[in-house]
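Note sheet for the following structure.
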Amino acid sequence: MAELVGLAEGIATLVRDGDVVALEGFTHLIPVRAGQEIIRQGRRNLTLVRMTPDIIYDQLIGAGCARALVFSWGGNPGVGSLHRFRDAVSNGWPVPLEVEEHSHAGMANRYVAGASGLPFAVLRGYAGTDLFRHTANLATVTCPFTGEVLTAVPALRPDVTIIHAQRADRAGNVQMWGLTGVQKEAVLAADRSLVTVEEIVDALEPRPDAVVLPGWTVSAVAEVPGGARPSYAQGYYDRDNEAYRAWDAISRDRDTFTAWLEALAA
Amino acid sequence: MAELVGLAEGIATLVRDGDVVALEGFTHLIPVRAGQEIIRQGRRNLTLVRMTPDIIYDQLIGAGCARALVFSWGGNPGVGSLHRFRDAVSNGWPVPLEVEEHSHAGMANRYVAGASGLPFAVLRGYAGTDLFRHTANLATVTCPFTGEVLTAVPALRPDVTIIHAQRADRAGNVQMWGLTGVQKEAVLAADRSLVTVEEIVDALEPRPDAVVLPGWTVSAVAEVPGGARPSYAQGYYDRDNEAYRAWDAISRDRDTFTAWLEALAA
Amino acid sequence: MTWTAEEMMTVTAARALTGHTSCFVGIGLPSTAANLARRLHAPNLVLIYESGAIGAKPTRLPLSIGDGELALTADAVVSVPEVFNYWLQPGRIDVGFLSAAQLDRFANLNTTVIGDYRDPTVRLPGAGGAPEIAASCREVFLMLRHTRRAFVEKVDFITSVGFGDGPGSRERLGLRGRGPVLVVTDIGVLQPDPDTRELTLTSLHPGADLAAARAATGWDLAVAADLTETPPPTGEELDLLRALVKGA
Amino acid sequence: MTWTAEEMMTVTAARALTGHTSCFVGIGLPSTAANLARRLHAPNLVLIYESGAIGAKPTRLPLSIGDGELALTADAVVSVPEVFNYWLQPGRIDVGFLSAAQLDRFANLNTTVIGDYRDPTVRLPGAGGAPEIAASCREVFLMLRHTRRAFVEKVDFITSVGFGDGPGSRERLGLRGRGPVLVVTDIGVLQPDPDTRELTLTSLHPGADLAAARAATGWDLAVAADLTETPPPTGEELDLLRALVKGA
């Protein structure tokens, strides 16, 4: 059963140096506060996994938490590039960053395979692209019935997956709604999981477009109001576009970024 | 876009002799009335597909509509055997019935592959069973990353899938809720589809545990109140157990069944 | 106090379900046993029905796995493909309940045909969820009547694998669950021998005798050195069970 | 009446969307064009966002594909794996919109890196949904600025396949969609030659001239014999577009 914990305690017990860590949330319900707690606790040599690394991953990379990034689209949505990500890839600052990149379809299916207890997934994807030349984790598989050749991607099984949801009850049952992306698969694929929520309630009343993760499938739940800011939490708050634009200025320059990082630690 | 039709018209235009026809509904929302309309219109040589053939398939088989059955569990739930199915398998009455059987996991994944535009699906299943000796449509596939050998099942792509749902709007958008089984996959895997609904409404208000099939994914929608009786339609009616028990007596004997069939045609 | 064989079976199975166990249940005795356990000593038992109800808490016994009561009381309602792919296949579920028309000494199960496959004496319902439940649940509990017709030397069709042909079979087949650990019959309880994996009679229900067990088994039945008697159903167990069945 | 290059591009793309077309849209110009078309001549256009909104009808332009407005106005909200597996992959979606940092004469697209992959001059966002959108949508529309830096002889990285190295490439690769059928730039419109599959300038926007188009293209630009002028934006088109953008 999921334990109810504080955010600091949850990160301290669940995220270890060298772990493969997935923070998911497809532009909605992004676990920003949990990611910043990883920075505060100074985790190192993480393999960070995320379909859409955006500013929270730019922060983790700039803070030197990551040795590798597995992803399918990296950018500051609606604003531009991730400067810390670029600096790490191009100049190895503050530490070199290995990159393994896929398409969204490939990443989504890698989580599906992980959640399904399968070693790989099959899809129509990547055909004819240079991803096949640069991404080691790709192969082909032949349909035993038709002889057709398809693409295979290996299962993703993070050591720990972290997501943000709207609600949990005291038994640790988690409820999220709206655009819930790949979060269910990412949690079910992981060894351990932490869910930050806007609020812990006595009972989860059923509602439209809701996904529920039973408490026994989650390691820990932490109540972190505003935990997805500056991204959205449907029913709680909208996206703070200004913060995304501001990040562009902060992250462009190593010094302004370093100042931001010190302020975060303080 | 889905056309709004009468049940007779829908069956007449969408179901043809020799078709591969799937009627799905996993003990809830079983399209019974649509199946009986197929009997009334005298379709022949159908390959009937269904995870859980129960009394409606016993009726279709007894009426001589089917040349083959693709399934994973055949019985009269809570009552016993399907006598018309047994009679067809053991004695070829009224016509011989070819049988292709799978496990639930295999059938579900065959629909998933069909809905996904893939030629096959991979699962951990069937290993060590005699199904491998008797079901042609099974193979193994080797994981290109781990070398592990898994089971492959070919995609199911029915010519037509028929399901029953609670509601549709006038644009043919379909809404079903509760236990919705494999119906979404079965419709998305098919060339054509017919959805019978309890009622056609002006607007589908969102509700918990609802699955919506947009009208452009469905060929036709027919308003058929009580279309799932004697099975359940959550929010409308419960299962009529007496009818399931009564079917046991009717179907045991060819004469009583034939009398039932004549009454249905009348 | 008296009780039926079915009540003895149900109570015995219910006792084996404890704690936060997650349990893949079909309809019939397994569902009754699991719901009885929830009302007795295992209120946190997680009931999973293949129709898509995860964590169902039915207030009465469901009439079928399509019973709306399961969806209305579940923690989560999911599609049938998801039940098998995300929940059963990865080995998330602790206990799976199965029954069969035939089983052999290695607890291999037949629910497909009696006789020849192409020309069967009796055509049975088929596999359903059983092959993957037997493969992927951490443990499997079996409930069936103890008769010579059911307990056979060799099953006519292997629908679901127990221990195959003995030690090492499950590993060779890549079956990741532990397999059948408990067989509850109307005569007693059988468990696999840790070394040979052969089903061994470990307990007799009150009033049952060893001769009857041997007579009802189509092979030379192994009997545990420390053969015990199953504790009889308590008044509380019977009262709750009967209320449950009556309420259905 | 005057308009910006971006307005001309958006209006031109919007005009190409008609009827009940289903359309896989990202954020930015494609989303603006699709939402403009819904307000003009294609009220039944089905907008599909990769974040899981099927049939979204936003009352304003979404700020990102995670905008709650998309979920709240959609016919169906599904998971991201489902969007790609059940909706995009089978070829259910009529039109997919893409852009790129580089494209070549066969409309192969690069959104990954400028320069060497291991030591890039510019690290771009990467593939996202593009490779499978380019592979599986029935048709692909491209929108990008017409510059020599973008229209190159050879892309530095093939992120998404247009027509590969010419006729037959898509078939050999098993790509089932028709590929890019329309490229809308700030100078004009390009379409693949039916035989050679090479992008051919078929229309120039008002005020643009052929010399500028050639100068902005990194290869010897093919020009249609019947090169036309794109009809200028109407007052209605511009009013609706400006209201839409202002409302965001």
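Note that the chains are named A, B, C and D in the order they appear, and that numbering of residues resets to 1 at the start of each chain.
Definition applied: contacts are C-beta pairs under 8 Å (C-beta built on N, C-alpha and C of every residue); 3 or more make two chains touch, one makes a residue touch a chain.
Since we're looking at a predicted model, the values are computed, not measured.
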{"item": "Centre-to-centre distance between chain D and chain A (centres being mean Cα positions), rounded to whole Å", "value": "28"}
{"item": "Averaged-CA centre spacing for the pair chain D and chain C, given as whole angstrom", "value": "57"}
{"item": "Mean-CA-position distance for chain C and chain A (Å)", "value": "40"}
{"item": "In chain B, residues with contacts to at least two other chains", "value": "117-118, 123-124, 148, 184-185, 209, 211"}
{"item": "Contacts with 2+ other chains: residues of chain D", "value": "85, 89, 136"}
{"item": "Category of the chain touch graph - line, ring, star, complete, other", "value": "other"}
{"item": "Chains that touch, pairwise", "value": "A-B, A-C, A-D, B-C, B-D"}
{"item": "Chain B residues within the chain D interface of the complex", "value": "1, 115-118, 173, 184-185, 188, 211-214, 216-217"}
{"item": "Of chain C, residues touching chain A in the complex", "value": "20, 22, 44, 46, 54-55, 75-76, 85-86, 89-92, 136"}
{"item": "Touching residues on chain B, where the partner in the complex is chain C", "value": "26-28, 51-52, 71-75, 77-78, 81, 85-86, 89-90, 101-105, 108-109, 111-112, 123-131, 134, 148-149, 178-182, 184-185, 209, 211, 231-232, 234, 238-239, 241"}
{"item": "Residue ranges of chain C in contact with chain B within the complex", "value": "27-28, 50-53, 63-68, 70-72, 77, 79-81, 84-85, 88-89, 112, 117, 119-120, 123, 125-132, 135-136, 157-161, 164, 169, 173-176"}
{"item": "Residues of chain A defined as touching chain B within the complex", "value": "117-124, 137, 139-141, 143-146, 148, 150, 152, 154, 206-210"}
